[in-house]
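Per-chain residue numbering starts at 1, and chain names A, B, C and D are given in the order in which the chains are listed.
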Amino acid sequence: MLDKIGIAKRIAQEVKDGYYVNLGIGIPTLVANYVRADIEVEFQSENGVLGMGPFPFDGEEDADIINAGKQTITTLAGASFFDSATSFAMIRGQHVDLTILGAMEVSEQGDIANWKIPGKMVKGMGGAMDLVASAQNIIVAMMHTNKVGESKLLKRCSLPLTGVGCVKKIVTNLAVLEITAHGFKLLERAPGVSVNEIRNATAGQLIVDREIPEMSL
Amino acid sequence: MLDKIGIAKRIAQEVKDGYYVNLGIGIPTLVANYVRADIEVEFQSENGVLGMGPFPFDGEEDADIINAGKQTITTLAGASFFDSATSFAMIRGQHVDLTILGAMEVSEQGDIANWKIPGKMVKGMGGAMDLVASAQNIIVAMMHTNKVGESKLLKRCSLPLTGVGCVKKIVTNLAVLEITAHGFKLLERAPGVSVNEIRNATAGQLIVDREIPEMSL
Amino acid sequence: MIKKTVQSVTDALEGVSNNMTFMLGGFGLCGIPEQAISELVKRDIKGLTCISNNAGVDDFGLGLLLQNKQIKKMVSSYVGENDEFERQMLSGELDVELIPQGTLAERCRAAQAGFPAIYTPAGYGTEVAMGKETREFDGKMYVLEHAFKADFAFVKAWKGDEAGNLIFKGTARNFNPVMCGAAKITVAEVEELVPVGELDPNQIHVPGIFVQRIFQGKNYEKRIEQRTVRIR
Amino acid sequence: MIKKTVQSVTDALEGVSNNMTFMLGGFGLCGIPEQAISELVKRDIKGLTCISNNAGVDDFGLGLLLQNKQIKKMVSSYVGENDEFERQMLSGELDVELIPQGTLAERCRAAQAGFPAIYTPAGYGTEVAMGKETREFDGKMYVLEHAFKADFAFVKAWKGDEAGNLIFKGTARNFNPVMCGAAKITVAEVEELVPVGELDPNQIHVPGIFVQRIFQGKNYEKRIEQRTVRIR
């Protein structure tokens, strides 16, 4: 079974040379730390920066340079700043190659819910609805089950949707899965996790149509 | 009767302090020369400049700094350059206060035709259709009649339209007229021109509902 | 050159009154119009509708107006950092319209650029699209979203000149440029107000035509919401 | 940092072929992609659809492609400075679609920003709106205009870096920024190509994400169409 860092490491393998990548808050943010050093990737943050670098050294924070999680950041050579309309032109216009974000629920049709729990948590969707409605390549990073052990991979989402039929791939603490016309297709198992454990933790249709390899990290 | 410079001088009186003004090619371009020196006005050109100044001195032309008529220009302190989308955001968003342009025909409903003579002259509308569709304050600068003496102020335009019901005021070599619900309302006569001469040169409905003063230039 | 300078935030806010709709620039606490917000708190006008990506934190930014119960309705994309906000929303005191961030930006730009409405894919199939017109183009579904209508836009820039030209710094740019000219009156506050001619005309982020009033702000706090650093 | 640099105009135009649709920046002869146009003339590909505000003059800019009869269709707003253009159009050799300048700009931006279509008031009630959907919003009529679809966009900037970031000079900016990212492949030629890190990230007009290939142009002519001066 993977921890959050393990999930980030596995997702980092999906990041290819030449990709512009938008990382959501939480596990996705960690992905930046594990991208191969020999490829060129640029990180976009929807509040208006392309070419994000690491966090600043203590004392070098600049209140005017933050990411979408409101964290102080730095920029790399070749970076640019722009307004919110231009930022979403990049996203809506499909110039961003890969979007990685967290989810509370994903359905076997690729629907995603991650912005609202009615009557309980209403923080808002931020840029997530624009990202999922436009991105051609969306990977969800999340735990396979919630805190009380219920599956987050469902036949239908129970929470208000963020987007419909948009998720392509899911990386959880247990598995890597692809959304297909027939449901969640199991691609890889986390180290030490059996297909049965994955099946038990998946409420939606799970497709196992071949020998499932363990992921290599 | 006015010449082109006279028309420009009379229109210059319509330019008020604090106005952003877009000047079309031809007579409108001359208006800039006669605006009162004690008011602040900025000229916008739709190819992407605000704060146009006079033509450059010989030898100081810059191929990268032109107006919408493709003429070399200069800029004044406080000027800005911008792209075509931003330029038409200024126009369509009604941030430009006054548009002055030429016309081949104007109808008594305020329709204007100035971009095409079918089978003969097809240069294109450039920014004129955006300007007339959006501007709240449009003044047409033109000769009252064409080269063969036919009126250019018509019941209906015969040429393909540039815009419908958009012209507010017309300044010709003979008169100043306002478009009203009932036709061309005569406001002023050019020096030495009689109401009858204006009536004879106007094919559309001319409204003369009071003593018509001569314009003061 | 048309001068937009006013001498103080008091002059800049001339004409604001109860029940108006305001746009406010900023993302989180970054690039927010601090001085305009302070003055609005001081004037104690009520019943406001505020269009702003976020709602500040409890004791800074729009949170100050919320604490003071001056806001009737918020139109935002993310409001997760403000406890008083959540309390007022869940109790029904505050009307909240949550919309996608890109939609928020483009509804501002539509107002600025004279577009009545836009078609965006964001929110299709979700409750955001409920009751809204949807339409297919090239096999993909879009939601029709309308341009905002606002009385005042309050924006904050890094540098500005007396003609109203603005330049922003870093990610403090965010929603500020798209809100300029998107309301009846745009008020810009700047960290540094310079005479005309000092800014390179090639490097203006917002031409002065989109700004009606500009003033030199004082004592900016520029609070950092999530100070995140790495070890040397 | 993702490098976009190619070594020559030859490499930059890899993949262009007959019957493609191109966008070309520039207003008049100002800010046109001179080198890309020369290379297209050299390659002699035919049946092109060109989206460009103007069509050059007889012996420069797009006029060179017209002389060579490589263009099947022009989509422009103003074509008044080109005799060969007029001849081909009136004789029916050349298909011409004339559209309002602001509509041209915004159909490019729609393609860049992922909007399928826009509503603009320009052209309502004229032959430009014939056969197009119209609609009333708030008592005003608008025409539905669709995003362009193009294979290549050729733009010309003043400075650029290896990441594809672009800066323009004066009114040579015009349509270039809105065409970046509005075609499948955007090719930028620059007067000065600099290493990454030399351009101020605050002052980039077009972020590199919108540009696929960039190259250093040589021997720009930058012809002036209407040299207009005043007496000293």
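Rule of thumb we're sticking to: a residue touches a chain if its C-beta (ideal position, glycine included) is under 8 Å from a C-beta of that chain, and two chains touch if they have at least 3 such contacts.
Because the structure is a prediction, the values reported are computed rather than measured.
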Item checked: Contacts common to chain B and chain C (chain labels) -> D
Note to self: Among the chains here, which has the CA centroid at the largest distance from chain C's centroid?
What the structure shows: B
Check: Any idea whether A-D or A-C has more C-beta pairs in contact?
Finding: A-C
Margin query: With centres defined as the mean C-alpha position, give me the chain A-chain D separation in Å.
Written below: 36
Item checked: For chain C paired with chain D, centre-to-centre distance based on mean C-alpha positions, whole Å -> 33
Next item on the list: Could you put a whole-Å number on the gap between the CA centroids of chain A and chain C?
Entry: 28
Check: Rounded to the nearest whole Å, what is the centre-to-centre distance of chain A and chain B, using the mean of the C-alpha atoms as each centre?
Finding: 55
Next item on the list: Identify all positions of chain B at which a residue touches two or more other chains, and write them in rising order.
Entry: 49, 81-82, 85, 88, 91-92, 134
Check: Counting only residues that touch at least 2 other chains, which ones in chain D make the list?
Finding: 109, 114-115, 120-121, 168-170, 202
Check: Connecting every touching chain pair, does the picture come out as line, ring, star, complete or other?
Finding: other
Check: What are all the chain pairs that meet the touch criterion?
Finding: A-C, A-D, B-C, B-D, C-D
Next item on the list: Sort out for me which residues of chain C touch chain D in the complex.
Entry: 114-121, 137-138, 140, 142, 146, 167-170, 202-203
Next item on the list: Mind listing the chain A positions that touch chain D in their complex?
Entry: 18-20, 40-42, 44, 50-51, 75-82, 85-86, 88-96, 134
Notebook entry, point to check: Of all residues in chain D, which touch chain A in the complex?
Noted result: 1-3, 109, 111-115, 161-163, 165, 181, 196-197, 201-202, 204, 207-210
Check: In the complex of these two chains, what residues of chain A are touching chain C?
Finding: 45-49, 54-73, 81-85, 87-88, 91-92, 111, 119, 122-130, 133-134, 160-165
Check: So in the complex, which bits of chain C are touching chain A?
Finding: 27-31, 53, 76-81, 86, 89-90, 96, 98-106, 108-109, 120-128, 158, 168-178, 205, 222-232
